[in-house]
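Next come two complexes built around chain A: one with chain B, the other with chain C.
Our next item is the complex of A and B:
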C-alpha cells in the first residue's frame, strides 16, 4: 500500500515516516552481529593497557574460531540426535497418554510427568552415571561414549515435552471430529491416523520447533559432563592462552553469537508458522 | 434376529439415559418405519439430541431397548461399526475433516472403512456432489466453503456410506438464515427419495412439510406425537401448545 503524501501549510505535526506496513520494530540478525562486534571492540579497548601479550584479543579469537565452530557443530549433532530420539519416543508416549487402556494411559502419564518436571542437568547426570560405558551383547560389544549418553540424557526431557505436545494437540481438536469419524464407522486406530493426527501435525509444529530451540541451547550442559562441545572447547582454548582475562568477553560473546545466529531464525520461523496456522482452521 | 421391512426399522422402547445425576431421557418410546420421516421437536435440554445420538450408539443408554433393523443397540457385545455402517449422521457443526477436500471427505469412509473400490466410489461421490448441488466444489477444502455448503458436503459424506437410516441433529441450527433453505431442500429431496430419516429440528415449517410423524419432547419424555396436521393444529397437551405458541 502506498503511503499517501501529506502536504499542508498549517502548523501541524506530521506523522513520522512509517516503517513498512504491518512490520513492527523487531530485532534483526544484524542487531546481534552489531552487539557482538561492540562487545569485542570494547573489551579489546578496555583491556588494551593491561595486557603485555602481543596478539590482540580479536586475532586470538580468529585463530581459535575453526575449533570453536567445530565444537558448535557437535552441539548441533547432539541437538539433532536428541530431538530425533526424543520425538520418536515422545510421540509414542503421547499416544500412550490418550490410550483407552488404563495401564498404558496411566504409565505414559507418569513417565511424561516425571521427566517433564525434572531439571535437564539432573537428567543428564542421571544418564551419564547410570548408563554403562559399553553394552556387551555377548557376541558384540557396543561402546557407549559420553556424547551418546549426553544425547540420551537430553532426549529424556525432550521426550516428555513432545509427549505433552502430542497429547495437547490431540485434545485441542474439537470432539466433533471424533464423533463424525465414529458415526462413519471408523475404528479408533483409523480415526487417529487418518483424521486426528494429520490435523495435529500443524498444531504441533510451532511448539515442537520451540522445544528444539530450547534443546539446542541446553546442549551446552553437556560441557558439565565433559563432552567436547563448544563450551568445553572455549574453556580449553582460554586455558591454552594462559587464562588472559581480556579474552573472556570476546570468546563468550562469540559463543553467544553463534547460538543466536542459529536459534533466532528458528524462533522467527516458529512465530511465522503460529501466525499462519492461527488464521485458518 | 431377522428383521423384515414390515417391522419398524428403528424401535425405541422405554429408553432411560442419565449423565451422572442428570436424567435426560426418562422412558422414551417411538417407532420409525422404513421410508418414514420423523421430526423430533421440543425445547432445548429436553433430550432430543441425546435420543438420536443413542440410535447410533454415540451415547449409551442405561435402560430400555433400541432395535435398529432388529439389532439391539443396548447390548455390550454390540458391533458398533456394523451398526454405524447402516446409520448415517449429520451434525449441527458439520464436523467435516478440514484437512481433506470435499471429494476426499465423501470418499474416505467408503474406501477406508467399507473397502470399496476407489474409482467406483469416486464416480458415486461425484454423483452425490451433484445431488447436493455442489458441482465445482469437489476440490475445495471445508474452510473455503460456506456453512450451508459444508453441511451439504456432510450430508453427501454420510450418504456415501449408503446408509439405511439418516439422523439429522439440528443440522440448520448453526447456519446463516439465507443458507438454511439450501440444506433443507437437500434433506427434503432425500426424504422424497424414500430415505428413512430422523430429524431433530427447530424448523417448524419444514417439519410440517416433510415429516410423516412429529414427536414433541419435554423434560426427557415424549409429551405428544402425531401426524403434522393434527399435531400443529390440534395439539392437546398444554406444554405442546405453549411451545408451539412461542415458536409459531
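Our next item is the complex of A and C:
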C-alpha cells in the first residue's frame, strides 16, 4: 500500500508502517495434501514389509468408511444440539451476570464460574449417571437415551462459556452507548435489546464459533460413556477386524482427518470474521 | 408370642408374594412393546461385533435372536461394554444381557444370572517367546496389558502382583504388547490361541497354564423369576440341540470342550 508523499520542510509525524500485511500463517491446499500424504504414509509404513497381509489397510478402511462417516454425522448432530442448548441457556446466564439484581447477578456468576472451571469429561460423566434413562410423566414415558444425556452433559460447559462471551461482549461496548441511550430516555431493557445486544452479536460471533469448533472436537468424549459415535465405532471396527495392529494408525488417522476437514473451514471463517469486525483505530 | 411371630411372618410372606405377583413382569412389558432389548458386546469378535454395515452380529446376537423368536417379538441389540453391562441391566435399559460375562458370586448379587451356564472360557496370557514366562508369578511387578472391565485384571494384579495396564480394545492392547509397553496381554484363552496362529504374532506364545476356566452367565434383572425360568429352559434347549456347537462352527470358533460336554449332558 503506497503512502501519500508529503513535501514539507516542517517536521511531521508519519503514520506508523502497516504491519501484518497479508496472512503469513495460513494453511494452503498443499498443506492439506501433505497432511493426507503423511497419514497415508504413516499407516502404510507399519505393514510395508508384510507381504502376506490378508487385506491392505486402505481397502479395509474403505470398507468401514460408510459406517465411520455415519458415526461422524452423529458427532455433528451432538455438537449442533449441544451448541443450541448451551447458547440459549448461556445467553440467559450471561445476561443474568450483568443484571442489576444482586441475587441474580451473583448466582449467575457462580453457575458460570462453576461450569467453566470443571473438566468437560467430568461434567459428561455427571450427566450420564445422574440423569434417569427415561422420564415417567405418569401418562407418557419419555425415553432418555445416552446420546441425549451426552448432549446435555456437553452443553453445560458450552453454556458457561457462552455466558462469559455474552458478558464480555456487553462489557466491551463503550460506556457512551449506555449513557447516550439513557439520555434519550430509553429504559434499561430497551437499551439492552435495541442498542447493546445488536452491537454485541458481531463481537460474539468469532469466540462463539471458536467454542463450536472446540465442542465438535470434544464430542468424541461421548465414546467414553458408550455413545455409538465415531470413536466408539472405530474401536468396534478395529475389534471386528480381529485386533489387527497395523490398522490402528490408518483408522485413527482417518478420524483425525475428518475432524480436521470439518473444523478447519470453521476456524478460517472465524479468522475472517475477526478481521472483518476488528475495531479499526 | 411365638404364635404372633408366626402370624406376622406369614403376613409378611403373603404381602411379599402378592406384591411379587402384582409387580409387572418384564415378559409382559416385552410382549406389549414388541421388542426385546438385549445387551450384547459390539467389540468382541466373534461373540458380538459389528459388520461394516453397522449391524451387530456374532454368536451372542444369534442366541438373543432365538429368545426373541421364542417370544414372538423383534430383537434390539444394545451395545454394552464390560464396565457398563450390569448397570444397563439394573436400570432396565436392556431386558436381557448376553455379553461374555463370567459367572461370579459377587455378580449374582447384582444381576440374576441364569443357570445353567451357556458358555465358558479360561484366562491366559499372550507374551513374547523372548519373555520366557513359566509361571503366573513370573508376572510379579511387570506391566501386563488387559482390557478395561475384565474380571481377571483384578486377580492378575492382586494375586500375581502384575501391574495391569488396561486398554479400551484388543487392537490397542495387541499394539502395546508389540511395542513392548507390557510383557504380556491377559485375555480369554480361546482368543489367544487364535492370535498365536496369526503370522504377525509368530514370535508370541501362550506360555502359562489356563486358569479360572470359568463359565459365562447370561442374566436378567433381579426379581424377574419368570423370565429367568424361561431362559433356563432356553439354555437347556440350546445345549440339547447342539445350537451352541452349531453357532461356534458358523462363526469360525473351534468347538470348545465346555460346549461339547454340555451337549453330552443334556442330550
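The rule we apply is simple: the second predicted complex is superposed on the first by the 242 of 281 C-alpha atoms of A that agree within 3 Å, B and C clash if a C-alpha of one lies under 4 Å from a C-alpha of the other, contacts with A are read in each partner's own complex, and residues count from 1 in each chain.
By our rule, contacts are C-beta pairs under 8 Å (C-beta built on N, C-alpha and C of every residue); 3 or more make two chains touch, one makes a residue touch a chain.
These numbers were taken from a predicted model, which means no experiment stands behind them.
Q: With the two complexes overlaid on their shared chain, look at chain A and say whether chain B and chain C clash or fit.
A: These partners fit in the superposed model.
Q: Using the superposition on chain A described above, determine whether A:180 touches chain B (first), chain C (second), both, or neither.
A: first
Q: Quick one: classify A:67 as touching chain B (first), chain C (second), both or neither.
A: second
Q: Touching A:243, do we find chain B (first), chain C (second), both, or neither?
A: Touch status of A:243: second partner only.
Q: Taking the superposition as given, does A:190 touch the first partner, chain B, the second, chain C, both, or neither?
A: First partner only, chain B.
Q: Which holds for A:265: it touches chain B only (first), chain C only (second), both, or neither?
A: neither
Q: Once you lay one complex on the other using chain A, what is the shortest C-alpha distance from chain B to chain C, in Å?
A: 51 Å.
Q: Do chain B and chain C touch any of the same residues on chain A, and if so, which?
A: No residue sits in both footprints.
Q: Which positions of chain C touch chain A when the two form their complex?
A: Interface residues on the chain C side: 42-45, 49-54, 79-81, 84, 91-93, 168-175, 178, 194-195, 198-200.
Q: Over in the complex, which chain A residues touch chain C? Could you list them?
A: 50, 52, 63-64, 66-67, 70, 133, 226, 228, 232-233, 235-248
Q: In their shared complex, at which residues does chain B touch chain A?
A: 56, 58, 80-82, 84-85, 87-89, 91, 93, 95-99, 108-109, 112-114, 143, 154, 157-158, 161
Q: Chain B touches which residues of chain A in the complex?
A: Contact set of chain A toward chain B: 174, 176-177, 179-187, 190, 194-195, 198-199, 280-281.
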